[in-house]
Amino acid sequence: MNILSLLILIPTITMIGIIISPSHKIVRLVALGGMIAQLITALVLMFSYFAIRKAGITDIMVFYQDIEWFKTLNIHYIVGVDGISVAMIMLTSVIIFAGILASWEVVYLQKEFFIFLILLATGVFGFFISLDLFTMFLFYEIAVIPMYFLIGIWGTGPKEYSAMKLTLMLMGGSALMMVGLLGLYFNSSVDGHFTFNMMEIAKVNIPGNIQMYFFPFLFVGFGILGALYPFHTWSPDGHASAPTAVSMLHAGVLMKLGGYGAFRVAMYLMPAAANSLSWIFIILATISVVYGAFAVIWQKDLKFINAYASVSHVGLITFALMVMNKTSLDGAIIQMISHGLTTALFFALIGMIYGRTHTRMIDEMGGLIKVIPFLGVAFIIAGLSTLGLPGLSGFVAEMIIFIGAFQHVDIFHRVLTILVASSIVISAVYVLRMIGKLLFGPVRNEHHLELKDAKWFEKLSAGTLIVCLVGIGVAPLWLSNLISDSLSPILSKLMQFSSLYTHIF
Amino acid sequence: MNLQNFLLMRHELLLILLVIVIIFAEIFSKEETKHRIINFSIVLFFIQTVVGFLPVTQGELFGGMFQNDIFRSTFKNILNIGVLIVLLQSSAWLRKEENKEKISEYIILLLSTLIGMFFMVSSGDFLMMYIGLELASLPLAALAAYETKKAKSAEAGIKLLLISSLSTGILLYGISMIYGTTGSIYFADVAANFGNSSLQILGFIFFVAGMGFKISLVPFHLWTADVYEGAPIGITAYLSVISKGAAIFIFTIILYKVFGAISHTWNPLIYALAVATMTIGNLFAIRQNNMKRFLAFSSIAQAGFILVGILGLGDMGSTSVVYYILVYIFTNLAAFGVVSAIYNESGKENMDDYNGLYKTNPKLSLVMTLALFSLAGIPPVAGFFGKFFLFTSAASQGLYILVLIGVLNATLSLYYYLKVAKAIFIDPSDNPIPYFKSDFNARVGLLLCVIGIIVVGFAASIYEAIYSFSSLI
Amino acid sequence: MIDYTYTIWIVLIPLIMFVILGLFGSKMKPNLAGILGSAGLFTTTILSYLTAYFYFFKAEPINGAFTSITAYNVEWLKFSDSLSIHLGVLLDPISVMMLVVITTISLMVHIYSIGYMKGDSGFQRFFAFLSLFTFSMLGLVVSTDIIQMYIGFEMVGLSSYLLIGHYYEKPSAVAASNKAFIVTRFADFGFLIGILLVSFYTGTFDFNVLTNNDASVYTSMGHASFLGMSALTWGMFLIFIGGAGKSAMFPLHIWLPDAMEGPTPVSALIHAATMVVAGVYLVARMFIVYHFQAPGTLEFIAYVGAFTSLFAAIIAITQYDIKRILAFSTLSQIGYMMLALGVSGYGGEGGVGYMASMFHLFTHAMFKGLLFLGAGSIIHAIHSNDLRDMGNLRKYMPITFITFAIAVLSISGIPPFSGFWSKDEILAAAFEHNKLIYFSSVLVAGLTAFYMSRLFFTVFYGKKTDYKHEPHESSLLMTIPLMILAFAATFAGFIPFSSFVTSDGKAFESSLSLSIAIPSVIIALSGIVLAFLLYHKKSDVPDKITVSLGFLYRATLNKFYFDEIYLFVTRKIIFNLISRPIAWFDKHIIDGSMDGIAWIIETTSIKIKGLQSGQLQQYAFVFVSGTIILVLFFAYWFI
Amino acid sequence: MIQDIPIQYFLIVSTIMFFVGICGFLIRHNLITILMSIELILNSVNINFLVFNKYLFPNQLQGNFFVLIVVAIAAAEASIAIALFINMYRMYNNIDVENISEMKY
Amino acid sequence: MGLNQLMFFFLSGLILVFSILTVTSRKILRAAVYLLTVLLATSGLYFLLNYEFMAAIQITLYAGGIVVLIIFSILLTSHISHKFERPALANVIAASLTGLAGSFISIWSIMKFPFNASTEPTLDVNMKEIGMQLMSTGHQGYALPFEVISILLLAALISAVIIAKKGN
């Protein structure tokens, strides 16, 4: 059995296990066990990936498996990974692991909660391993739909509204994507033998005008999930209403689907359009970064703060993608991972704090670090990663992006880089303001004096994420190596069409 | 009439036989054992369904009036499965006190409309098609008015009958013009002689209007919601899937085979109808509270999606349409099955009555959710595949704008499907529908639907089979 | 050849201490944490001294110059074959000198803090952060790579943030820590852009390449210019902004006085002796580039330094908070260092400004550390920061009194204390280069003497006896560091700095120029005398003077309203004029348009419900007219 | 014979009859009159079929048989319709079309 | 003007006038009678076309069957003297506009279409021929529709029964 298919099989088995579990204690154990197995599988995958690369195998995709599905439409089940997907799979498995732990004490309809959560993860894993656009799309939608229930049933606040908005906007995105995918499909061949196989399509030179037609569909379609300005508004509402683990998974992983898809599908397969249209999206991304950061300052709700911060940070991903040189692409992927971890940690902590104080308004809290030191410290670490402090992953990612983007020959890109880099100041403002109000100062509500600090599962959940953050922050080279080798085929395809962008380091 | 001919017509002949057997059963059964006719006929029908799956050869009878091939007979099998599920689902309702007297009539009428559809599907000329169409419509009006005590039911019956008559009139006028300008009512001759003069187009459009009534395309759809709401649930389900499916099938065949020569004319026509149907259906569905009405508008929108697939032309088009109908039968019948189970138990059929359903009846809720997802085209259930192939088929003709409109409409439709899901899973309720166990037949029916919803999507062989058959016509 | 690889431990030991104290500190006894931290630092200090010894005395200078040695280097991130980020240890005269300074002061502060922080609930945390800071600062000074320098800048910013916010329950401390971090972050933003610009044109981050005088990396530079300045000038300017932020140069100085909210040892370590000179160090580190490639920027630096020193000195006169006075004096002194760099030439005698700057950095660390620790001792004794609560303390705290006196004399530039020597070199350099700056500097020297003496006399003289608690001398743990630093502050001036730290690494003979020294000493003395007259006992003369100065005094007292201006910019402009409208825009326009789509659909749905009127004949009408319209359209218009 | 009457004459008559029927369908209140309008419609269609058969394709009888079937079906239709009307009459005591507008929107 | 033409115009006039009267008459029984007239006139047209068999069918089935059925149900459900209200003017206008537009377009199309009168020999339409074709199973044979119609009629019968049947 291909190890990649195992990544889908394990969650599926876990879901079945959850269904037949008799009591709620067993349910969560099964879920945790399944996700630990998944994490181990992902680790095995990563190490064997390194081993394969070390052995000198230079296939673009490894663990490649191709099973024919719908013959007449030439739809296949094709899986395969390169360094980028491996990195994303690692990210996902870490976050779902932490997410299960963070939702350890979900009581209401617990079985269903875990099933939906793992279903979501299944979709994400499937998305990352798919090389066939059809299956990729299928997994994409599988990943999106459980969100509705997760938010709608277990959420807080105006949950129905948020869940509906989120789902509809994301499905609207997938609607656009679908047009793009079909466009790719029907232009994937010269002799009338169409294919959804990404690696095959990549070999075809799709005419420029067709690319120009379909690229926006795909890019915006994925971009909506990646909170591309101005289609980001599902994100604050959605995150604010979602239960902890869902926010974690959603901001941590699901939003990365957007970036990853935009990169893997839109840019890789339609490089000419990517080059000629990049200026639009790079402007949007710049707006998104700065605007998101400014919008945070005014927010009072912790989740809104983090949601807008996410808008800003995933804007950085889009920005880096659109710069299209090796360094910046590398940075984009690392930013995906870094933001995934950071924001997951953030949401986990917000959830844990909310579970104790029953409010998310920073004005109603204060001095919490005194009563819940572990959560407080973890919160500060998350904050510091958000503002890009060295030693944590946020810095690495931002640094690579800025350096990469600034290497662009075009003065336009460099000016935008400066604009985008200004977000580090704004992020410092909002992060410190939030930390200052929430954790420092006098305890504002005397009930909060009786709060208990994190329990073991909360510590494990946050600890795992912190370890990853610090690990990447301190030693980023292995991650960068993991990614950058796999960038070359994509990059070379992008470069092929850039008469403008020749000056790459 | 030799055996060969019998085999060719076995769907129809067996059904006729079935009807006769049931009439005899009705005559010879005692008052208190009448309800056994239900299971009796279900078993018979099941046998009929199985027999239908035996291989069939290609051929035509009655000088081309009756045509059968594996594609058509496959479609009939699909309809058979659908009707089997409908029968299973209506049995609980039929056993009710007020319906006890008319059990066999119900079944007979239902089966005779099915006969009509089979003839319609197999028709080789406009005359047979017309007869089939009428046979498929007239008894339905009576069935819609089946609950004679209920005003809504009567209203549904009258509306259906009168609008049906009007549309028949228009259809006939169209056919008469087609006949007048081509000199024949046989499909083959018409196809050879059909041109592009305005009178022919007029005839064609009148014909489309008549068919559009059966498929409930906008603007010929207005009866749909009222009739669906008023008719007994079993009949509503039947109308929305079987009757509609059969009409779409023959409509597709006629468009491709008979009017293939003027496809450049009907392409924009169907395009416009598709857009209008999807959009209007969705816009109306948004506000509905009554589940039957809601499903009516949803089924209108679904018809729009199917039209998108028709525009794919060629094998891909017809395959995607038939495949979608198959998916749609399972899906919609699952939804109606749940609605009918709940209605039979509690008499409730409004969306807000479903609040908190998941807590009391989780299994039914899950079936409903699956069905809704399949309708909305959410993976991994069959609806996703069906819709994807419809859109793929349209995209193969380069109709990307239409695909875009289609997928956006699908997104919009997701909104109201999720509204039902919301009622079931999220909204709290003070007095939710209490737990109940629906009868065996209904459960079997739902089980069939669920299996269908799940299997049809993943089993690529089904799609492949339909594809290989579709090239035969 | 000496193997310097061990120097990595100088950096790592504090980090390890931080990790140990950070993770397990809360489970330790406080004293254990303190001792552990100090012990770790002691090791580091020994290693630093060893390094200095080896570097300056054992290694053979090549061509008479101290070379820079990359003792340790590891690739941290790689962008391309030519561009990568390295982390490592770079040893050259200034970095070794800084190692000594930092470890010394830090060790003193550690020991001092064991006494000073006794009983504080965050004792272990405090030591953990001290270790973190020491690590960051050491990592900063040994940077091999400009990005490492940037990382160091950020990290010291963080530790400073954490330490300022030590008393996190005090809102003012939280505000101060936020302010410090954000202002320096803002400066670091400039630094970052500067790095990007410079590295874009040079294609490297490596200091060894960047600061190589013959570097061909600059020659390949295009003639890109912006607003009349070359891109490199801009880049270097922006890098200076980074330094200016950390070193609290005008107008980014506002965070430093507020940073005094932190515990006093922190102020001594971070906000007087080490971190705030990081900016000076940065400019010194890139001095060659400034001097040869961006002389305009260097000129600018000189003026900024001079202005800051004057500006801060003026403010210092009027302040009452003892730590704030010291903070402004720090500003002023750092301004000195900056201006010295700004006026410096390169090589030999011409580089005296560079040497003087480093020299002053060194001596300043000693006496300013001493001043702060002394002030800490005073505050510890009387639990107040306010000058007006103090007086007559020489009776109660003799050791503090004496060491403080030494420090005051040193900062005032009275021979033979260390401050005199380094300040004299600075004045000499300024005199050589720019008379205006020179005169300003001399004026500052006088002002410095005046306000320090004002502080000194107010605290230790006078007749005040109405203390709630009898003040008493601090414990040995606190006084021993005072004494050691007093020793250093007294004699550090006699170190022949010019033989060790010069702009080109080559030693030169620096001589005391009497024509510079005598006027400055006279000015300083007159400042002291004036202060003595005004403040040695309580009188109403100062009040009268303040009244007569009116607005000028109030402006000075309020630090020329810079805080208010910043507050206006942040609260009013950024919060209210940018952030709030954006939040509104997002909620109502962007999100509103999404909701608007939903609304349109919903409304359309309601509006067209009449179509489904339930009336059979209307249905038929729609049916028929629809058909007719279709016929019209498709049978006539289409064909 | 009828050669002196152009085919169009017949068609015009039938067409007008058809649309008169449709108008009747649209405006009459009484369900039975609506049913009568339908009969008009069907009748006009029948004329069409026969005329075409006679004029254009006299060598076969497709039109004739079509009409035969239409008439039969019309009868069936009418019988069901009348049953429905009677059923409705029992409920409302009249058979106005207004009664059947309960379900809407 | 030949007799045929005269007959044609007479019958057409009859048809049109009574059609319109059928749909406008405010007394229901009269409407039924007008309808009968129309149907009879139509059968006259069939005679004119030499389709005696169809004319007979028209008279017996249509005029005799359906109209009787209608009258029967009128008697059952309406008061003879009842006079309908005038339909709403808007309705009338909308309907007549639709009708006018429809007939205009249709007639326009008809006039534009080049109908070619057949030159083929006319099939003699007698009962035998009709009977033969009705029972024939080949091309131009109508045995199948004939059989299916019987099912339809059966179904219609049952339909009518279950609806009209009085409940218990």
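Letters A, B, C, D and E name the chains as they come in the text, with residue numbers starting at 1 for each one.
Keep in mind that, in the parts below, contacts are C-beta pairs under 8 Å (C-beta built on N, C-alpha and C of every residue); 3 or more make two chains touch, one makes a residue touch a chain.
No experiment lies behind these values; they were computed from the predicted model shown.
Common partners of subunit C and subunit E, by the touch rule above, are B, D. Chains that count as touching both subunit A and subunit D, per the definition above, are B, C. Ranked by how close its C-alpha mean sits to the mean of all protein C-alpha atoms, the top chain is A.
Distance from the centre of subunit C peaks at E, each centre being the average of the chain's Cα atoms.
Highest C-beta contact pair count among chain pairs: D-E.
For the pair subunit A and subunit B, the distance between mean C-alpha positions equals 42 Å.
Separation between the centroids of subunit B and subunit E, computed from CA atoms only, is 31 Å. Here the spacing of subunit D and subunit E, counted between their Cα centres, is 6 Å.
Subunit A and subunit C have centres, each the mean of its CA atoms, that are 36 Å apart.
Looking at subunit C, residues 609, 612, 614, 616-617, 620-621, 624-625, 631, 635-636 sit in touch with two or more other chains.
Shared interface positions of subunit A, defined as residues touching 2 or more other chains, are 168. Touching of two or more other chains is recorded for residues 127, 131, 134, 138, 141-142, 145, 148, 157-159, 162, 166, 170, 180, 198, 202, 225-226, 287 of subunit B. Chains touching one another, given as pairs, are A-B, A-C, B-C, B-D, B-E, C-D, C-E, D-E.
Those residues of subunit B that touch subunit A in the shared complex are 316, 319, 373, 378-380, 384, 388-389, 391-392, 395-396, 398, 400, 403-404, 407-408, 410-411, 414-415, 418, 421-422, 425-427, 460, 463-464, 467. Those residues of subunit A whose C-beta lies close enough to touch subunit B in the complex are 69-73, 75, 134, 137-139, 141-142, 145, 148-149, 152-153, 159-160, 164, 167-168, 171-172, 174-176, 178-179, 182-183, 185-186, 213, 217.
Residues 26, 75-80, 82-83, 85, 147, 150-151, 154-155, 158, 161, 165, 168-171, 173-175, 177-178, 181-182, 185-186, 188-189, 192-193, 196-197, 199-200, 203, 570, 574-575, 578-580, 582-583, 586, 590-591, 593-595, 598 of subunit C touch subunit A in their complex. The part of subunit E that touches subunit D in the complex is made up of residues 2, 4-5, 8, 12, 15-16, 19-20, 22-23, 28, 31-32, 35, 38-39, 42, 45-46, 48-51, 53-54, 57-58, 61-62, 65-66, 69-70, 72-74, 76-78, 84-85, 87, 91-92, 94-96, 98-100, 102-103, 106-107, 110-111, 115-118, 120-123, 125, 129-130, 133-134, 140, 142, 145, 149, 152-153, 155-157, 159-161, 163-164.
Per the touch definition, subunit D reaches subunit B in the complex via residues 18, 21-22, 25, 31, 34-35, 38, 41-42, 44-45, 48-49, 51-52, 56-57, 62-63, 65-66, 69-70, 73, 76-77, 80-81, 83-85, 87-88, 91, 99-105.
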